[in-house]
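Take this structure first; my questions come after.
Order of writing sets the labels: A, B, C and D. Residues in every chain begin at 1.
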Amino acid sequence: MKKKQIALISTGGTIEKTYDELSGVLANKVSVLDVMLASLELRGVVVQRVALMNKDSLDMTAEDHTHIAEIAGHMAKLADGVVIVHGTDRLANSGERVVEVVGTPASPIVFTGAMRPYELRSTDAIQNLTEAMLAVQILPPGVYVAMHNQVLQFPGVVKDRTAGTFVKYS
Amino acid sequence: MKKKQIALISTGGTIEKTYDELSGVLANKVSVLDVMLASLELRGVVVQRVALMNKDSLDMTAEDHTHIAEIAGHMAKLADGVVIVHGTDRLANSGERVVEVVGTPASPIVFTGAMRPYELRSTDAIQNLTEAMLAVQILPPGVYVAMHNQVLQFPGVVKDRTAGTFVKYS
Amino acid sequence: MKKKQIALISTGGTIEKTYDELSGVLANKVSVLDVMLASLELRGVVVQRVALMNKDSLDMTAEDHTHIAEIAGHMAKLADGVVIVHGTDRLANSGERVVEVVGTPASPIVFTGAMRPYELRSTDAIQNLTEAMLAVQILPPGVYVAMHNQVLQFPGVVKDRTAGTFVKYS
Amino acid sequence: MKKKQIALISTGGTIEKTYDELSGVLANKVSVLDVMLASLELRGVVVQRVALMNKDSLDMTAEDHTHIAEIAGHMAKLADGVVIVHGTDRLANSGERVVEVVGTPASPIVFTGAMRPYELRSTDAIQNLTEAMLAVQILPPGVYVAMHNQVLQFPGVVKDRTAGTFVKYS
């Protein structure tokens, strides 16, 4: 059986934050995505890593959202699917921007992120990455977020800051 | 948004094996599924647990496979999807039996299992359960195994004992 | 064999920091010491918990150091040994203060702490707590820090901020 | 400060058992001691590894116990201390044999082991190795077992099979 080609675009965010023991803070310095990927059994896909940026999404500009959308739309033509790791605070902004710029992409584009960094033993990063990597293989073309055991389709997705997750608004 | 009702049927297998420190062996004694479920963020579903049996699948009889198939087909009518945790050695036997007994079920039926018990720090149990719980929400009705980042549809799935995973035969 | 009575005084510090997913920072809010203790097999001791304060040690005043010293000296008379969990930035200040206030205590007083919080998967908190809980049983009366697989005796201990550990100055 | 030279003799046992996913059993095949050592911060010691044997201690012969005792006594002259990783079922046999063959060694000899393999997430292996590596630095010359937060001196130590730990008999 032919393996699916998945483009994995990293943009930073909580999921990739690491701990600096000298300053005692969590920051976006090195990507831990490769460590996470190595901890998973990925039998169905070939992953192509695209390290686009490494930003706390609160620092993203309108140009960043457009840039992410354009790259995602482009990669969706080359691959069988695109997964985008993104800070949750502005994840919905990038998601809506993909729909505006790309419309329906050539293959599924699935965003994911985390509320608690991979470095924490109680992280949700592994669960969310697992879900995005699976969902991208079985969803029809479209723009989605996969996180916390649910898949939501853009447009119309927002972060519920109180619940710490994503929801559809009606 | 209405949450999906998912029936989670446990039958035993490696995924649920626990370590007995006095005898030094791994065995199917207590279900660790609840511990695994508690470690995940399950925002999209309401889980109904069905503790059907707790067997090493090598000990399953033809009657066990048929029993699993009948219960799965029945639960697929009542719920929005069914996840079945199963030993990998005979998982394909139960999967094929569901197709024979049920045909196309009323909602998706997704099998999963593990090659390394949850109690091991290098377990694949959490990844596989995460995948099954997500796949069951977005797949069309049918019978599948979700494991190791791939989804395969019955009939025609076998365990590749050398690779330690499932594959489609052609 | 009679179990040793060990007083475990918690004062806060990195070892007890927990992650607040809404603000995205690590802070001293709830004690994770009980979780750590539950993860260890403590056959040789009976632990008496003394939750003295829960401070980042950078916020400790001269009065805090004296208060810790007095309580430690007092508990050393009542118990077979005292373990103090402390932020590493000012751990040496409290250690020196114990020597000034108490001299040679009635039973061993062992400080410990961590460079990386327990909540991180790469934490040194468990190792350091394990070492302190063992060292306090076999050291002669005195004031020590046990951390990173070494035991150093006060006075004359300082934090090496570059190496991220404690050393004796000569 | 001069670091202590510690000889670390591995003989096998539960602590080093690894999981074979094809046969589904835990066995002594490769040493996981190096992985454990790498996960600890060892600032006080230089470790010299001696891979003596890799046996379930139930398979040890009288010759094995004598061989372990002779090597331990020899290494105690060359190093500042000796740690021996050993299966718990026959750990006490080797411990008593060291006392018979060596008497009081030139430096402390500390046995340790585990009831639950390192590969299990609920292992006691890391705790026990941490304790042995610390105890060997601060104990006077003698033969000991350090495990489960207690240090017991040979002769007169036995495994309590019901409690799953070591005790002194009187």
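Please note the rule applied: a residue touches a chain if its C-beta (ideal position, glycine included) is under 8 Å from a C-beta of that chain, and two chains touch if they have at least 3 such contacts.
Quantities reported herein were computed from a predicted structural model and do not represent experimental measurements.
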| item | value |
| --- | --- |
| Intersection of contact partners for chain C and chain D | none |
| Centroid comparison with chain C (C-alpha atoms), farthest chain | B |
| Numbering shared by both copies at the chain D-chain B contact, with half separating same from different | same |
| Gap in Å, rounded to a whole number, between the CA centres of chain D and chain A | 46 |
| Rounded Å distance between chain B and chain D, as computed from the means of their C-alpha atoms | 40 |
| Whole-Å gap between the CA centroids of chain A and chain B | 27 |
| Shared interface positions of chain A, touching two or more other chains | none |
| Topology of the chain contact graph, where touching chains are joined (line, ring, star, complete, other) | ring |
| Full enumeration of touching chain pairs | A-B, A-C, B-D, C-D |
| Interface residues, chain A side, partner chain C - complex | 14, 19, 21-22, 24-26, 115-117, 119-123, 161, 164 |
| Chain B to chain A touching residues, read off their complex | 1, 40-45, 124, 126-127, 130-131, 133-135, 137-139, 146, 148-151, 165, 167-168 |
